[in-house]
Amino acid sequence: MTDSNELFSEVILELYKNPQNRGKLNVPSLEVSGGNPICGDKATIFLKLEGNTVVDASFENVGCAISTAAASLLTEMVKGKTIIEVLEITPHQMFDELGGIIQTRIKCATLALVLLKEGLRQYQKNPAKTAISGIRV
Amino acid sequence: MTDSNELFSEVILELYKNPQNRGKLNVPSLEVSGGNPICGDKATIFLKLEGNTVVDASFENVGCAISTAAASLLTEMVKGKTIIEVLEITPHQMFDELGGIIQTRIKCATLALVLLKEGLRQYQKNPAKTAISGIRV
Amino acid sequence: MVNWEKIRKEFPILRRQVNKKPLVYLDSAATSQKPRVVIDAIADFYCNHNANVHRAKHTLSEEASNLFDEGHELAADLVNAYSMQEIVLTRNATEAINLVSFGLKKKGFFKKGDEILVSGMEHHANLVPWIVLAEELDLKLKVIPLSSSMELDLDAAEKMISKKTRLVAVSHASNVLGTINDVRQLSRLAHDYGGLCLVDACQSVPHFPVDVRKIGCDFLTWSSHKMCGPTGVGLLWGRQDVLSSLPPFLTGGEMISEVFWDRATYNSLPWRFEAGTMDIAGMVGFGAAVEFLQGIGFDEISKRDSNLGRAAHKALSQLPGVKVLGPKPEKKVSIFSFTVDGVHPHDVATVLDSDGIAIRSGNHCAQPLLRDLGFDAVCRASFYFYNSFDEVDKLVEGIEKTQRIFKVGKK
Amino acid sequence: MVNWEKIRKEFPILRRQVNKKPLVYLDSAATSQKPRVVIDAIADFYCNHNANVHRAKHTLSEEASNLFDEGHELAADLVNAYSMQEIVLTRNATEAINLVSFGLKKKGFFKKGDEILVSGMEHHANLVPWIVLAEELDLKLKVIPLSSSMELDLDAAEKMISKKTRLVAVSHASNVLGTINDVRQLSRLAHDYGGLCLVDACQSVPHFPVDVRKIGCDFLTWSSHKMCGPTGVGLLWGRQDVLSSLPPFLTGGEMISEVFWDRATYNSLPWRFEAGTMDIAGMVGFGAAVEFLQGIGFDEISKRDSNLGRAAHKALSQLPGVKVLGPKPEKKVSIFSFTVDGVHPHDVATVLDSDGIAIRSGNHCAQPLLRDLGFDAVCRASFYFYNSFDEVDKLVEGIEKTQRIFKVGKK
């Protein structure tokens, strides 16, 4: 029996089982953590910057398939991008790359992106602060 | 033009304009006051007792036609009665004597009676306490 | 042109008979009637979307959450708030005021000897919480007096206010006199001396456009049930920086972020102030009420209010033996407190009720004001846009009938 | 014999399709669905009797007041209270617990170093208020541990309790585990040492007969929305002597007796605790819900609950890769928290939702319990009498489908 499955794309299922970039970075330039207190998903994103360019990225998280896959994807996407370019990533780009997200789970798919953008915005204002936590999504 | 008036009997209208027994008694045996905080009606009943018999009664009040007429009527009714007899007066007796009371105003018609009975009950338990106040109806 | 006849028909209860006469409902200041769309919105919620909000991943919960959030958005829009984060759902306006008083207390906003300024026409809801607080914290409660025209004496207010005045808490419109107060000026005064201003808008939001940015206050509160919405829903608007500085009030589920056995952290605005399951269906009904009123237009509602008010004022003022309390019709909403010489207000209400006319009698939750004016109780006829000019006439006839029964009035 | 098929038909929402499949609503522990009679009672109130209560002399207000008071009577009857004076209408159970915590605090009931005993399975509603109070008053919060069978360890409780224990606050049934706690024994223990006992009955009152006299507790609280009634209505029962010893909580109109500019006196029970305009229509809807449930009979409801619970327990326990939390079915209400190996609870919920099956996933407002059990989130399927055995099968099929999608489960 096969199940029509428009809920979790192969990309999501694969990245959930085998997430990329999971774990801490050594001496990250920026570390952003937070979560959605209502659903309980939490994540930390680690970035290594050289100038304005992301040279490495990773994440740790507690969460569902979608938020895990999204964090995996995002940390892969941002490598080599400038801060400005990262800030330009849209939720829809994420959804497309993830192979589609159903309405009720939008927040899971954007958790990592929201954290990262908020972290970078705060970092732009105050580059001295390299650990930002408690962001509520 | 005449108005069909099943609301306020002639008894009530008359007693409202010319209440009997209004005013304080000199050295009352018992003084009971209270009111209905929701509608704002307040009354004090004064009794003069000889043994267990009411020899005089009066009232002071702030209130509507019905509660005024009822207090007037009640203070008249109790004269000469024993405490037991007063405690046996029923609301319906009052309503009858007042010429009928409409549903929405029952509480006004029984205010004085409730105060008096509650006062007498407390007096029976503790005859030393001759001023009872703050009864909420 | 608004077709008021048609709008009236949207209120099912107004087709009711009371004591075999068509209901003439003149008690909207106590609670308003509800249009079909509001009643239907509540039923529709329960028949199609009912679920608890914000925590689940299933479709019903998603739908319920969206409707619930939309209620907050509509409330924000209604008073021109900066965002829905400034809107807290409470049970009623009374609770909203308590939320502020408990929050300011816990925050340590007041110190011994500080002053709170209220007006001489406050409803118990915007008075008793401050009496309690003043007693607890040793504060001084001052009361802005009324002028002979039954308006607030703003010159006196200006003299009473000082750096000690940490809070000015005033009603936007009086539920007894109808008087509309200059809350913009009072907010400015409060701020001039470094204090906050809370506006009790229970009788203004239903009647005319209210804009928190124009008023410039810090808190504004009102009740859904007085503006065509369901009971069980009150609204608190708080300026974001002020609101976010208040500690939580009621605690429990939904308002938290993380909970351990010995400590908890709290959610963001406005959820931090919404503990436990809120009146979700009520919020949906409230949203429908806002849309209904906005559909008519608050400018139109306000004009209608003035027109009915002028008619009622004229008719009542001309009745011998009848005294109307309150300022000139231009300065008030269409709420009329009055007395009939020689007849107790409850008895006036009873005679009117026998002809299907519902007015309120009593102290209208404003005992201190009434005491100052020398009354224990007064009659109050309060109008809303669904009332008709015809009903003004019926009120007058009812009063005249009362006078005949009590053999008072016309010599 | 109760015709459960027929009773199910009285719930309009259960005819709904979700994602083109018939709705299978397994989230009643979060909020229950409403029968037609409750929805109609609310609409009927607004269409025929809507008015503010207790203060007016007009017919509508009289009718509304009677209906409102009747709601209190029905609540009293439901839990076998001594009188309706012991029933306070709140917004929800959460507020009821806060009312008690604020009241005990203001009354000076606790002194530094006193202890409050809660259970290791409390909902945030019956935990956070005590955490806050403990912090404010320097009290100690102690937690009764769970046994390996996920019941309360009453021997441990007995050892933890002492003269310092001023309050035992426990849930009657857990909203995560379903466990039914021996609140009678806990009340007795609390009293033995001179303390009070508050029972959070949110998950018991809807499911089986609850009798405050038999339990012997001092406070009992529950929410209308979990027992077929509307949102916006919570109930607090308090033993009359204890309740009457608490100072007022929220203040404003209705709860007062006399108000002056500088002081106020308060109304009698229960009105002293009901400030401002209550959710009158909600109370009417709640009353209809009580009558509806009593019409079926709580013994029958309880039997139905056991039968559904046993079926669900058996079916879920047999699924490979699925872990069910909680005691044996005889010891619990039909609430099932579970996990599916290799799939996050939210993802389970999403797959089920795609087939119209509504379950909840998350921490269920019981973060400390979940943390103790080693989870961030779990799935929860909760049943009510309107569910069918067929729906147990659908739940199982949905879980199996999830496992196929995630390629986990069997062998």
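As written, the chains take the letters A, B, C and D, and residue 1 is the first residue of each chain.
Here is the rule we go by: contacts are C-beta pairs under 8 Å (C-beta built on N, C-alpha and C of every residue); 3 or more make two chains touch, one makes a residue touch a chain.
These are the chains along with the protein names UniProt gives them: A, B = SUF system NifU family Fe-S cluster assembly protein; C, D = Cysteine desulfurase.
In this text, all values refer to a predicted model and were calculated from it rather than measured experimentally.
Visitor: Name the chain pair with more contacting C-beta pairs, choosing from A-D and A-C.
Guide: A-D
Visitor: In terms of CA centroid distance, which chain is the most far removed from chain D?
Guide: Farthest from chain D by mean C-alpha position: B.
Visitor: Just give me the whole-number Å value for how far the CA centre of chain C lies from that of chain D.
Guide: Spacing between the chain centres: roughly 31 Å.
Visitor: Would you mind pulling out the distance in Å between where the CA atoms of chain A average out and where those of chain D do?
Guide: So the centroids are 37 Å from each other.
Visitor: Could you grab the centroid distance between chain A and chain C? Build each centroid from C-alpha atoms only and quote it in angstrom.
Guide: 46
Visitor: Distance-wise, how many Å sit between the C-alpha centres of chain A and chain B, to the nearest whole number?
Guide: Using C-alpha averages as centres, the distance is 78 Å.
Visitor: At least two other chains touched by the same residue of chain A: list those residues.
Guide: 38-39, 104-105
Visitor: By the touch rule stated above, which residues of chain C touch at least two different other chains?
Guide: Within chain C, residues 55, 57-59, 256, 258, 346, 350, 353, 362 contact more than one other chain.
Visitor: Could you please specify the touching residues of chain A with respect to chain C in the complex?
Guide: Touching chain C: residues 37-39, 103-105, 136 of chain A.
Visitor: In the complex formed with chain B, which residues of chain C make contact?
Guide: 343-347, 350-351, 353-354, 362-363, 376-377, 401, 404-407
Visitor: Spell out the part of chain A that touches chain D in their complex, as residue ranges.
Guide: Its residues touching chain D are 1, 3, 5-8, 13, 16, 38-42, 62-66, 68, 102, 104-105, 108.
Visitor: Enumerate the contact residues on chain C facing chain A in the complex.
Guide: 54-55, 57-59, 62, 256-258, 267-268
Visitor: Hey, which residues of chain C end up touching chain D in the complex?
Guide: That would be residues 12-13, 16, 18-19, 23, 25, 27, 30-31, 33-34, 38-39, 42-43, 46-52, 55-61, 91-95, 97-98, 123-129, 131-132, 134-135, 141, 143, 223, 225, 230-234, 248, 250-256, 258-264, 275-282, 346, 349-350, 352-353, 357-362, 365, 367-368, 371 of chain C.
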